[in-house]
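Take a look at the structures below.
Heads up, the next two complexes both have chain A, just with different partners, chain B and then chain C.
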Partner chain A sequence: MTIVRRSGAARMRRTGPPFWLALPALVLFGCFALLPLVGVAVLSFMEWDGLGTPRWAGTEIWLDTVTDPATRAALWRTVVFVVVSYLFQAPVALLLGVFTAGRQRYRAVFAVLYFLPLLFSSAAIGITFRSLLDPNFGLSRAFSPGTLTTNWLGDPDLALYAVIFVVGWCFVPFHALLYQAGVRQIPASLYEAATLDGAGRWQQLRHVTLPQLRYTIVTSSTLMLVGSLTCFDVVFVLTAGGPGEATRILPLDMYLTGFRSYQMGPASVIAVILVVIGLTLSLFLSRVSGAGRMQSQQAGAA
Partner chain B sequence: MRHTRLRAVAAATITATALTLAACGGASPGDSTDAGTDGGDDDGGTGGGAASAWILTGGGWPVTAGSFERWNGEHDDQPIAVEEFENDAYKEKIRTSVGSGEAPTLIMNWTGGTLADYVANDQVVDIGAQTADLTGRVMASVAQNGVVDGTTYAVPMNDVQPVVLYYNEDLFAQAGIEVPTTWQETLDAVATFEDAGIIPFSLAGQSVWPELMWIQYLTDRIGGPEVFQAVLDGRPDAWSDPAVTEALTKIQELVDAGGFGDAFASVAADQSADAALVHTGRAAMLLQGSWVYATFHTDNPEFATSALGFTTFPTVEGGSGDPANIVGNPANFWSLSASASEEAQQTALDYINQFVYDDDQLTAMLDAGSVPPVAGLEDRIAQSDDAEYLGFAYGLVQDAPHFQLSWDQALPADQAQELLTNLSQIFLGEITPQQFVDAMNATL
Partner chain C sequence: MSRRRIRETPNVLGALGGLVWVVVTIVPVYYLVLTSLRRQQDYFVENPLLPPADPTLDAYRLVLENDFLRYLGNSLVITVASVVVILTVSLMASYYLVRAGTPLSRGTLRLVLLGLAIPVQATIIPVYYLIVRLGLYDTLVALILPAVAFAIPISVLIIVNFVRDIPAELFESMHADGAGHGRVLVALVLPLSRPALLTVGIYQALQVWNGFLFPLILTQSSSVRVLPLSLWTYQGQFAVNVPAVLAAVTLSALPVLAAFIVGRRQLVSGLTAGFGK
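Coming up: the complex of A and B.
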């Protein structure tokens, strides 16, 4: 038990709640996450079409899948998807969160409106946007035909970005909510002090709000990045990976390989790759951001 | 102090692991996916004595649903639980269910590669002897699809589904041209409609499978059915046949000429958006399966009775295929799950023998505008409301020297998916016919 070496945080942990409180979560996690994961890892070394008996194939499937240009293209698409999603979601969520943290009544009304997407199921959102973005029967029929007839989901060059927008529309409210809560916890005295020092609105945002939100940003970023890495439902309903392979990101590649081509081996390989990337990404983020050493930044604020 | 804590943690971990394993042991993968209870008051599973069946929605499927309702109304002691699925959802779910031994008693399939897989894994049973009466009444070209290596594993259960060319008569009258019967006339018609701001051919490119109908018909018209038979036989480089390359080239020429408009990749067939383009007067023609006739009548009865035209796929100049050949789905088929109990199997067989293509179902099918693949129906069809269309489709099937099963159903699943992906890229202009041929040859 190495934590004994550390002082403050370690002592806090040792006097924390008893271990058995974690049991229900552990059981569920073991049952529905760890065991299937082991199954998938084993399956990735096997050839199986979903009907007969799985046949042991050794490392052959791994080599084939990893060297397959289609898998690499999907991996690259996933990187673009994750990065662009983050660049779109993070600033919008942060600004919305800071805005709705104000106590004015009209902001509360806005907050409710912004919150709405969280209440809808992803399938419903996907179907709705698919209809809205339809160049033949969508928005273009209701408004001026010229400007809105762009073939958003049918053009291989646009489809990925259209999907990123819709996914962002789904998840921005959640992250805005995180930021709203984060901003509301910042003591007013910090802003008073900043005002006394002559800081304007932007300077307050830059020097008080953002630094105070640091851990919220870390949490929200981790959720955003890993979330878009494994994003499946909305994309599947919107485009099912098409047109061509334009939106076939890794999670879809996994699903289509497994449940359309019935090649469970390669599909499991992609699944394992996704798990490894996801774990590495979250570990890396928590290391870089120092989430493990988090402590209160509000000492003396009261 | 530290040791005690360590020991406590170890004990807790072991308990947790044990609990985890225990909790997992009781769960069976199919528990949560049992069939619904639409048709009966049983739980719909296949473990017990009750029979079950999964069917689809849309097209002519309400007739099948009605047939089961009649059965359940008359057979309290032999209920069949029915659950309805959307086409794509069904295809994904049925495979997993069959593989895990949780399949419904009656397994609906399109024969071809899927049925061959079921047979190879002993998941469906030989029903040749028990259903001889039924298969005797059905057109031979349709019934033979349920035969694998000389044994009948599946029997047809609904309408025969040839792919035909629908068109909007009003738009052709406005444009002052005739419906194309040759490929050259097709290209001329495309140019005319393109100039008039009308989409010449509606195509559900988002669903991709409607694109198959184009390559199937073109390949057949150019090179005959032997070309694809070579692919099915797994002959090396079978896709390199010049007929395939020519068909792909013609497709890309048609796309470039604006034959499908510029937004076909956003049109989805599962919402009947392709048919909607035709009946709202925005597209002139639609190459689709015969089931769309029912869709036209449901979605826009006024158009369907006044301006809906239908004809055969154009001939291709210099092609060696018989212009009377057709492509499509001979029908949907019932197979009997090997994992169902004997009691459930008997119920299912009784249903098949007594209710499939019985008088009531034939009437319901003809009323719904679907063509039963049953021989000797000429008189009944002539008296039906849709005599013109039904007679056309019925004759089409009866006179066809060759009825090509949809390629994605005929091929094994992995090859079919590769085909669909590459074909969609051909339509999008992302790959050349040569790249398509190379990619498909690699799957053989």
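Coming up: the complex of A and C.
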């Protein structure tokens, strides 16, 4: 009996867990994530109205979509959206993270309040701000008539920036949490040493906190940039791409082209462009962070 | 000692900056709750930042009379179902990926982790095509399948990192006692990876709960409408009745608020999931 059991156990150790354990995850992932990724590339060469059967159209759709001024305008708008969003979100999130990492009582209270936006879905936030930014009945009514009646979401020159602000309002708290966790992992000995060397608050931030946070900065930046690139929900609810096409960034352009104009081919081309830009950004940033990996993150911490 | 001296000089600039963001954060939420308590006609005349002269729950009553609870139920169903499936298949896969140690398992792990870089939004057209072809359009299952698929890479990553830390001796002694793989999974891997499962569960629950794009393209009937999408349709339905729209928004945040109050620490660590390291 014991001999049989032993040999059974030995065989099990040799073979390890069977492959079928991974099968459900692989099938689900393969069918509804990996296959669509391949599918979007295939569909970008096909003509399809969303109802009938997709028909092969070759490179024509690619040429038409890429040379279309509307696509180029959307691409440029997306670049502005991503860059300005980053310039707004990154410093605010970093500073809030450093701020809330402090152990003072009032900062803990502030940190709870900073968490508020995370309780809401993007749709909820979009709807709230749509009402808040209304030039007639929103926040503008709180002041005497004529002082703050700017039509933030209705003015083509302002709408994109108003949207960037709202998107920032959504995402800053999450990134502040990442930075808070990052700062709290920095060894206190580094600050003690810096203080002994006579470093002030600003110098500590510059020479201790920022270098120690470099991995958090890379992670957060990647998520911010790719997140802005693929941002859909808030913008859709806030402006649906308007006024005119003022906030029609690529994800909106893709949705509206595919599901409102029923041109799935061109919409797939835009989707492929999104995937390529997204992957390039992620890869580039992981390279940048990978280059410094040989250096210990805690170098100098005793 | 020297640290204490630094602490004692108050950081006025930091406190002021922190206060500015508190105001930026609070004003929209304050406006939201206040407006939801106004009468519809008062909304057009009262100062939006002052409490309503005549507060009322009419807006909430209207929202509840307009199928809010059904949408809430739909959201609960897809969230719970997705999370249960995600945790089950990811845990099974993680056990295999960590303990098999074969070229096949290593290749599989690499393939799954590749999925971390797939932007979900970019795949909506083929997902729509698949769901229509499978005859699942306009069903709750249509919302669960893609949610699970895109959750697998990050879930597997987090759980694998956890299972890897379980000492090999524990597996060996269980096998020596004659336990099969199913038993090892349930009696050893499951209990020891509970913190990772909690993190993954919270993170993915929020993702599914807040999801808007898949419901937008994969459903249309009100019988399968989920909460975030319902807010958008309420906006069209109630039109000028802004207090009612904002009452729906306020109600939609209550479940997450409750979760925040019950388990703030877990919620925060779940939110930042695998990114916090």
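Worth a mention:
The criterion applied here is as follows: the second predicted complex is superposed on the first by the 264 of 302 C-alpha atoms of A that agree within 3 Å, B and C clash if a C-alpha of one lies under 4 Å from a C-alpha of the other, contacts with A are read in each partner's own complex, and residues count from 1 in each chain.
By definition in this document, a residue touches a chain if its C-beta (ideal position, glycine included) is under 8 Å from a C-beta of that chain, and two chains touch if they have at least 3 such contacts.
Source: prediction; values computed, not measured.
In the superposition on chain A, A:Arg260 makes contact with chain B only, while chain C stays out of contact range.
Applying the stated contact rule after C-alpha superposition, one finds that A:Ala33 touches chain C and leaves chain B untouched. Look at A:Gly154: by the touch rule set out above, it reaches chain B but stays clear of chain C. Contact comparison for chain A: of chain B and chain C, C touches the greater number of residues. Contact with neither chain B nor chain C is seen for A:Val183 once the two complexes are overlaid on the shared chain. When the shared chain is aligned, no partner comes close enough to touch A:Val82: not chain B, not chain C. In the superposition on chain A, A:Gly52 makes contact with chain B only, while chain C stays out of contact range. Contacts of A:Leu119 after superposition on the shared chain: chain C is touched, whereas chain B is not.
Applying the stated contact rule after C-alpha superposition, one finds that A:Phe232 touches chain C and leaves chain B untouched.
In the superposition on chain A, no contact is made by A:Ile61 with either chain B or chain C. On chain A, the surface patch touched by chain B in one complex and by chain C in the other comprises residues 19, 26, 31, 34-35, 50, 130, 137, 259. If you check the complex, the residues on chain B that touch chain A are 2, 5-6, 8-9, 12, 15-17, 19-20, 23-24, 27, 92, 95-96, 98-99, 117-118, 120-121, 123, 205-206, 208, 262-268, 273, 276-277, 282, 413-414, 416-418, 421, 424-425, 428, 430.
Taken together, the chain A residues at the contact with chain C in this complex read 5-6, 8-9, 12-13, 16-19, 21-22, 24-26, 28-29, 31-37, 39-40, 43, 50, 54, 92, 95-96, 99-100, 102, 106-107, 110, 113-125, 127-132, 137-139, 141-142, 169, 172-174, 177-178, 181-182, 188, 191-192, 195-196, 201, 219-220, 223, 226, 229-230, 232-233, 236-237, 251, 254-255, 258-259, 264, 267-268, 271-272, 274-275, 278-279, 282-283. Put simply, chain C touches chain A in their complex at residues 2-3, 5-6, 11, 14-15, 17-19, 21-22, 24-29, 31-32, 35, 43-44, 46-50, 85, 88-90, 92-93, 95-97, 99-102, 104-105, 108, 111-112, 115, 117-130, 145-146, 148-150, 152-153, 156, 172, 175-178, 180-181, 184-185, 209-210, 212-213, 216-217, 227-229, 231-232, 235, 242, 245-246, 249, 252-253, 256-257, 260, 268, 271-272, 275-276. Only residues 1, 4, 19-20, 23, 26-27, 30-31, 34-35, 49-52, 130, 133-137, 149, 151-156, 239-240, 242-245, 256, 259-263 of chain A touch chain B when the two sit together in their complex.
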